[in-house]
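Sharing a structure, written as structure tokens. Questions coming.
Order of writing sets the labels: A, B, C, D and E. Residues in every chain begin at 1.
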Amino acid sequence: MTFEWIQVPYALATLFIILNYGLLMTAVVRKLAARVGGRPGIPVWQNYIDLVKNFALRSKINHGVMYYLGPVFRLSGGIGLILFVPTIYGSSWAQNFSFAGDLVLALYFIFFGTLGMALGAGESGHPHSAIGVSRGLAQVTTAELPMALAVYSLAIQYQTLSITEIVAAQQGGLFNWTLFTNPLAVVAAMFAFVGTMMRSPFDVVLAPQEIPIGPPTEYHSAYLALMQTNRAIFPIAKTIIYMNLFFGGAANWAEFAIKVFLLYMIPAVIGVVHPRFRVEQSIRFFLKWGLPVGILAILTV
Amino acid sequence: MKDVDDKFLKNLDRTVPLREELRPRKVTTPDGQEIEIEPLKDYFCEAAPKVHAKSYFPIVEDFYNWARANSLWILGFGTGCGAIEMRPLMTPRFDAYRYGIQWRPTPRQSNLLMISGYLSVKTLKRAIRAYEQMQGPKYVVGLGSCTINGGMYWDSYNTIKRLDQYLPVDLYIAGCMPRPEALLAGFMELKKLIKAGKCEGANKYAENFATYKANQKSVIKDWDMPDYNW
Amino acid sequence: MSQIALTCGFILILAGLYGALTNRDILRMIVAFTVANTGVNIVLVAVGYLPGRTAPILDSAVPVAEAAQRIIDPVPQALVLTAIVIGLGITALMLAYAYRLFRLRHSLDISNFTELKW
Amino acid sequence: MVSPVLIIAIGLGTAFALGLLGSSRKTLQFGATLTALAAMSAISVIWLVALVTGAAQTAEIHTAGAVPPFAINLRVGIAEAALLATVTLTGLFAALSLRAQLLKLGRGGMAVLLVLIMAISGLVMTRDLFNVFVFIELIAIATAGLVLLSEDPRAVCAGFKFLVVGQIIAILLLVGIIFTYHANGSLNIDDIAATPVGVQGAALAMFLLLIALVIELKTFPANGWALDIYTSAHPGFSAVFSAATGSAALFIVDKVVAPAGAEWLPLLTGIGVLSFVASNVVALRQDNDRRLLGYSSVGQLGLVLAVIGQRDVLGEAYLYVAGGLILSHAVAKAGLFWMSAMVRGRNLDDWAAIRARAPMVLAFATFIAMLVGLPPFPGFYAKWDLAQALVAAGRLPVLALILLGVLIEAAYLFRWFGFAIKREAPEKGLSANMVDCGITFAAVIAGWALGWIWGAIPGQHNVLATLPMLAVLAFFALEPLPAKIKNVAAIGALLGWFTLVFGDYDPMRLIFAVVMIPGGAVILLASFTETGRRIGFYPSAMAMYAGLALLLEATTFFEFFAAWEIMTIGSYFLILRGKMSEPHALSYMLFSLGGAFALLAGFALASGGIQPFALNQLGTVGAELAPWVFVLLSIGFMTKTAAMGLHIWLPGAHAEAETDVSPMVSGILLKAGLFGLFLMLMELGRQSLWGVDLTVVLAWIGAISAFLGAVLSIFQEDAKRLLAYSSISQMGYALFGIALMNHLGWLLAMMFVINHYVYKSMLFLAVGGVYKRTHTKLMYQMGGLITLMPFTFVSVLVGIIAMSGVPPLSGFGGRWIFYNAIMDAGLRLPLILIFMAGPVGFLYLFRLIHTIFLGQLKDPHRQLKEAPVWLLVPQMIFVAFLIGFAVLPGMALQKVDGYIGSIFGDQPLVWSGRAIASEFGYWNPVAIMVVIAVIFVSVFLILIAKNHDAQKVKQFNIVFSAERPYRPETTHFAWNFFAPYRKALGFLEAPVVTSFWGGVTDGLNGTAEFTRRFYNGNGQSYAAHVLLFVVAVYLIAMGGVA
Amino acid sequence: MIPKVLISVLLLLLGYAFWTLSVGYAPDTELNRTAAYYAANAESEVGAPNIVTGIIVTWRGLDTLGEVTVLFLTSAIIALVLSQSGGPSGVSGADFLPSGELLTTGARMLVPLIVLFGAYVIMNGHLTPGGGFQGGAILASGVLMALLAEPTRRFGHTAILRIESLSGSFYVLIGLAGMAIAGGFLDNGILPLGQFGTMLSAGAIPLISVLIGLKVGAEFSSILQSLHETEDA
């Protein structure tokens, strides 16, 4: 695959769809959670309003260069992740810029935003930001481990690192999905998925009651708006990766919407019914439960 | 009219010395030089608040105001007993979320400061700081009679009586305490005001900064912070 | 004959060594070493002895032609002379040291001179 | 040519004639003494030169006009001449060293010295057993006399103990001689050797004779008396006692072994090795300098005794090996004793007095290097040949013990050197004067000259004669110049060398060469910050670079090993320059030497004694040996790359080094280990031992290093230590890559070679710049420096992005290759650790940048300036390179890829345009860079559009629960940054390895402490020890020999 | 006492070694090749009927030179040891007890005789048992007697020193002369061997004997004197 200019509008279109889908879907999920609790919940367009409101703030402060750049890193990370991963299998225009790199690129690019965010939060000078970063990073080391193993298992299984090819290999029926061909890897990966979606029981990073509210404590206005945007698209991007790797990918936008939504619901459901882990508890949890599954996954491929 | 008891004021006539950590001091640099540190100047931004103009296009401003009105982020700062009346707003019975109202843990991301009840002098200081650290446009709602006229604390020696002398209040919700329903009604009122473009408390505060500051300092004797807390 | 001399010499050596190693008095040690030296000298001479022969001096009694059959081995004799002299020198030196040590500490007990150790 | 017997005649005649000069004309007497000694030296040197150049043949001198065995005869061959020269020159210098005492005492003292030198010379030359006895007694008596020259009253006690033991030796010797005579009918050594023995008891006689001579060597444990002499005698005399007497005594043993026969050799070996190891162990606990030198002397003599025990396998090399060791020992020990004469205090740390004097430090370093047997000194060549011969003969235990002994010796010698360089110098601790300095430097020059000579002997690669080493020598000469000029010269030298050699290298060597040579030059740019003369820096640095340069040039085992050692020495001195680096430099040295010895053993095993053995013949090693060679070489190389278990030297050494040294030792030096591993695996390939694939073991070690290094790194509070542990982790990755034994694994390792050099050098320089300004390395004491040191921040930022492997910088390339590499490797389990090490690495990197540059600025740092510009220049070069390399990895990797392909015979990567594709995936660095840049800029523009008017606030303008922060110190969250991680995984931090090595050293020290109690100071006990030794050896030997 | 027991055990083991030596010892039945050579060539090579002297002075002359040197060293060192020892120096003759008429007179009578005997032993060293060492020792015993008899008497240090130095130096010179004009260092052939068995025969042996005698005598005297001077009253 090589670059052609037509890919730019295609990519922007994909981005646009995913952004809106993300904004709406996260609101819907929140609404669902509220309904479970018997509340009416937020309007589904609440995310848009919040976004506009934050862009519309009149006064802003600036803690320094990295503080300023932090949200830029964050959102670039999210957008980049979307654009480096093919969204719809078989679609000529939703392949984005996946010619630039394979699965490895996607896996490592996840850290781009994290790093920038952590730096920005660090420069705000707020101790809670630093504590949040410390917790987040500490947790992610073990949370990502089962995922890495699952990916490796998968790559061995399919003998490729290209996401498109992995999806291609899963076509032709439900039982061709990795979910069924390599269930251990999927289980392992789901540990990581739940662990990195910033939901209970793994949301000690933000811990609003304790270190309000972790890394973004000092962020507001357009900074926050960028981060909110990212908050809408980044989980989707991540879910897309999981979907592509383990659940047969999506051949059209409808399949995409359903699969992403269902996947997204997993951590949401778990989050609603679980209290929060402390960092060391979640580290132990992943080592005790996620890691063995991951090891089995790479040994049994 | 004085907000605070005369006897209390008399006792506070003496100037309160600056806290140790804020006093200018000499520090030795790693190279062995002595440098002067003036914490209040060096650690804090001294700029005064600015009046921010509305958007150039009224229609845009109206759109913004609509968004602001439908995305009220409350700083969860429980100053008095009114705080207890806020909690039911999150429950299925009242559920303020459906109106786009949320609670945020940090002043930076909030636009609505709820003064939920009486303010002692000590708490006032914190309330001012929290208010100033919010980003405009920002709104203040006084909850209950204590914020209006001191309420049952009208003759207390160290609670303030009228909130709007110290902060630009956009809306008072009367009652002692007002019930959650009253709160919801108040929010609806506030929304209307915002949509109407009448909630320019932040600009008002900036314009009358000197007055507000003088009022604040007249009761808060140990004003150990910069004039405006960014 | 040689065996007796040898054994005698060895016993003297051992006795001397025993004395030197068990007496803490420096002078006694020196004396003991002299005994041991004497033992060594006896051993030296004994080794050079050939039964039934005479001293290695060529005179009318031992003509040059018969010398090889008549005399005992002269080499140990020469060696023992050197050994004696050297032993004597060392003994003298040890005595001088003993004197010096005595002046140093007013003691001749060797166990008093142990500051240098480890 | 004058007859060598004149040496005896002149010595004796002058001694006798001194009395004629009258007792009051002491200066005249002293002059006569010096003249006599000079004449004796001249004769020996003339003979030595004549014999070496072939102008003369070995001289047989008959006395009394009769032929041996009937009259005493003397012999002067090369060995004798060399020893004579050593002895007489030592005597001459000793006279100078002792001049004050000699002049005070007058004739007697001078005569005794003359006789001593004469007697030692006689001992060297004589071929007659009884004559040996006479000379030994003369030496004993003269020694007893010269001991008294000391001002130390304890010397008298020592002298007496010496005499007591001397008596026992004399008794044994005489009994032995006479029975040997009886058995052989001759006293002539050659005659005895030539005539077979048939008489019963001859063995026992020979035993007594030998054991007496061996005790003369002061072998452990029968040597308390000798140590007391070393401790208390005048150092000028101790020099003779150690250098001349000791060497001569060894030579006598050597002479007598010939007639005694080869069956005695194992015994001598045993005694020698025991003596060598045990003395060195005991010396570990010694704090008196002269006694320490005494133990060392005993050890060295033991070593040579052990070598004598190997004469049957050494063959022609025997003289070369034994001579190298003896001469090294003699010159170094004499030099050290002479130095000790100038140092006032007797404690080891009193030697700090020499610190301020560069030439003295050079002398000290020279002597220690000679003793330990480092290049370019003769001991090094000797050690090499010895190892070859021992391995060829299958005497591995002997080699192991000898190397252990050398290691222990290095431990206390380099510890001592550390004291001298790092401890507080005592007031007026030095009483230097022209004469003492002069003779010390004569020894230094002799040492270097010997180094040259030993190298120049045909068949050897002369380490000193290589261009890089000559450059190092030139830098000694440049020392008086200002540092900046020297720096220019150093950079010029490196670049010049590179232009000379780079054309000949294959792509892989070229990469290493670029990293090591021009890479070193870039780091040297940072050295422009230093002012003054910076004495000692450039020779050390250039020695390190010379070692690296030669390493790349090496074609044979020997060249490789020599280069390796030179590199180690240079870097040791560099590391030692750091403020608090004394213990760390020591542990660096010890681990490096230990590793080097593993290499030595490995090379020897591989070559089987054949020399020269080319590096590329390594693959021809037999199948049953190859795994062992593999193990030994890997241990050696992994010591350098600080693989987990052998890593404990690294954090301290890298962290405490100077600002511009840390990047050199971390960014460059570690690559030497990788280079070695590459070479080894290229030739040896996969090996298995007991059914275990050794490359799998390597991979595991690499993975464990990568993981634990990273985990340990996140718990560090010291920025440089953090980086140091990170190096362990990074080298673990590289090791893992190499051990994968596939194309991409190697490419991965090459990528790490480049990347690690760049970002680690950059980070060390950045942190060094911060340290220069803040004077602390503790990160929690910093904070908020981003505005004050923006450039440094940028380089750290780029560094950590690159290092953590986040796209788009070059670290990602490494990760991409890594994933492709593991795809076709059979290894899965170690990957778990590697996978986890990645995010953990992210942790410490964030901590590094956060706690230093972000957060709260501290009061004392409010007015800090940006780091010095010369520290920034290389950093900016690195930043530019990292970005360039990220976009165009092909510029460095494509060639290497091709080269590695030629090794493995495959070509998994396809380089099409700017994109790279493998069997499994693809990677387009340019596209990645462009996409990310476009997104980033767009988002940034949006933000600017909205927030361009943001109010710039200051550090305390943060929301703080409606309070205000108290002080920056209490607001900066930095100390124990990853506390939750410590709670969860802190057990990984348990210092298991450190405890292990601590246990080893404690055990050794405990043994030393226990063993040295043996020397209770009582002369009778010492005599009893001698007897005990004799009896013990008798029981052992008679079991074996007779 | 344990050390004594230990040492006894050690010595017993050493004794065992010696015992092995002595048990295995069988005296030669005829001279070994070295001794045989000496016996055969004593006349032709050194010209000394006393083979032992021949060996000492010529064939093993280097040993003898060393031996002389040992004494020289000893005396020099003893002088050094004692000069540094901080004991009483100088003469404190008044404190000595008088040695008594008998001893004084006897000494006066005997000393010349002893010296004469010493000279005889030295001169006849190559012919009869005796030689430089023995004679020198006898000479020194004369000195000892004189010292005992007259404790306050001091010999001229300088004189002894001169004798010591001159005799030693000459000895070395003769040795060198042997190298220059005869077969090697210390060859006695620098002088004609003369008539076998007469006083002036055996080449330089008598001369060397004299020098050795003088040297040994002087050394012993010097040692004795040094020791003597340390004597406390």
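Definition applied: a residue touches a chain if its C-beta (ideal position, glycine included) is under 8 Å from a C-beta of that chain, and two chains touch if they have at least 3 such contacts.
Because the structure is predicted, anything quoted here is derived from the model rather than measured.
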Shortest chain-hopping distance from chain B out to chain E: 2
Touching both chain B and chain C (chains): D
Minimum number of chain-to-chain touching steps separating chain A from chain D: 1
Chain at maximum distance from chain B, centres defined as averaged CA atoms: E
Most centrally placed chain, judged by C-alpha centres: D
Intercentroid distance (Cα basis), chain E paired with chain D, Å: 54
Centroid spacing, where centroids are CA-atom means, of chain A and chain C in whole angstrom: 98
Interchain centroid distance [CA atoms averaged], chain A/chain E, Å: 105
Averaged-CA centre spacing for the pair chain B and chain A, given as whole angstrom: 37
Of all residues in chain C, the ones touching two or more other chains: 13, 17, 21-22, 47, 75, 79, 82, 86, 89-90, 93, 97, 100, 104
Sequence positions of chain D contacting 2 or more other chains: 130, 134, 137, 141, 144-145, 175, 179, 182, 187, 951-953, 955-957, 959, 1024, 1027
Multi-partner residues of chain B (each touching 2 or more other chains): 50, 106, 108, 230
Touch relationships between chains, expressed as pairs: A-B, A-D, B-D, C-D, C-E, D-E
Contacting residues of chain C [partner chain D, same complex]: 13, 17, 20-22, 24, 26, 29, 33, 36-37, 39-40, 43-44, 47, 75-76, 79, 82-83, 86-87, 89-90, 93-94, 97-98, 100-101, 104, 110-111, 113-118
For the chain B and chain A complex, residues of the former touching the latter: 49-50, 52, 63-64, 67-68, 70-71, 73, 91-92, 95, 97-98, 100, 104-106, 108-109, 111, 135-137, 202, 230
Complex contacts: residues of chain B adjacent to chain D: 21, 25, 27-31, 33, 35, 37, 39, 42-45, 47, 50, 77, 106-108, 126-127, 129-130, 133, 224-225, 229-230
Touching residues (chain side chain E, partner chain C) in the complex: 3-4, 7-8, 11, 14-15, 18-19, 21-22, 25, 27-32, 34-36, 38-40, 42-43, 49-52, 55-56, 60, 63-64, 66-67, 70-71, 73-74, 77-78, 81-82, 84-87, 127-129, 133, 196-197, 216, 223, 226-227, 230
Interfacial residue positions of chain D with respect to chain E in the complex: 3, 5-6, 8-9, 12-13, 15-20, 23, 61-66, 69-72, 105, 107-109, 111-112, 115, 118-119, 122, 126, 128, 130-131, 134-135, 137-138, 141-142, 144-145, 148, 175, 179, 182, 184-187, 199-201, 204-205, 207-208, 1024, 1027-1028, 1030-1031, 1034-1035
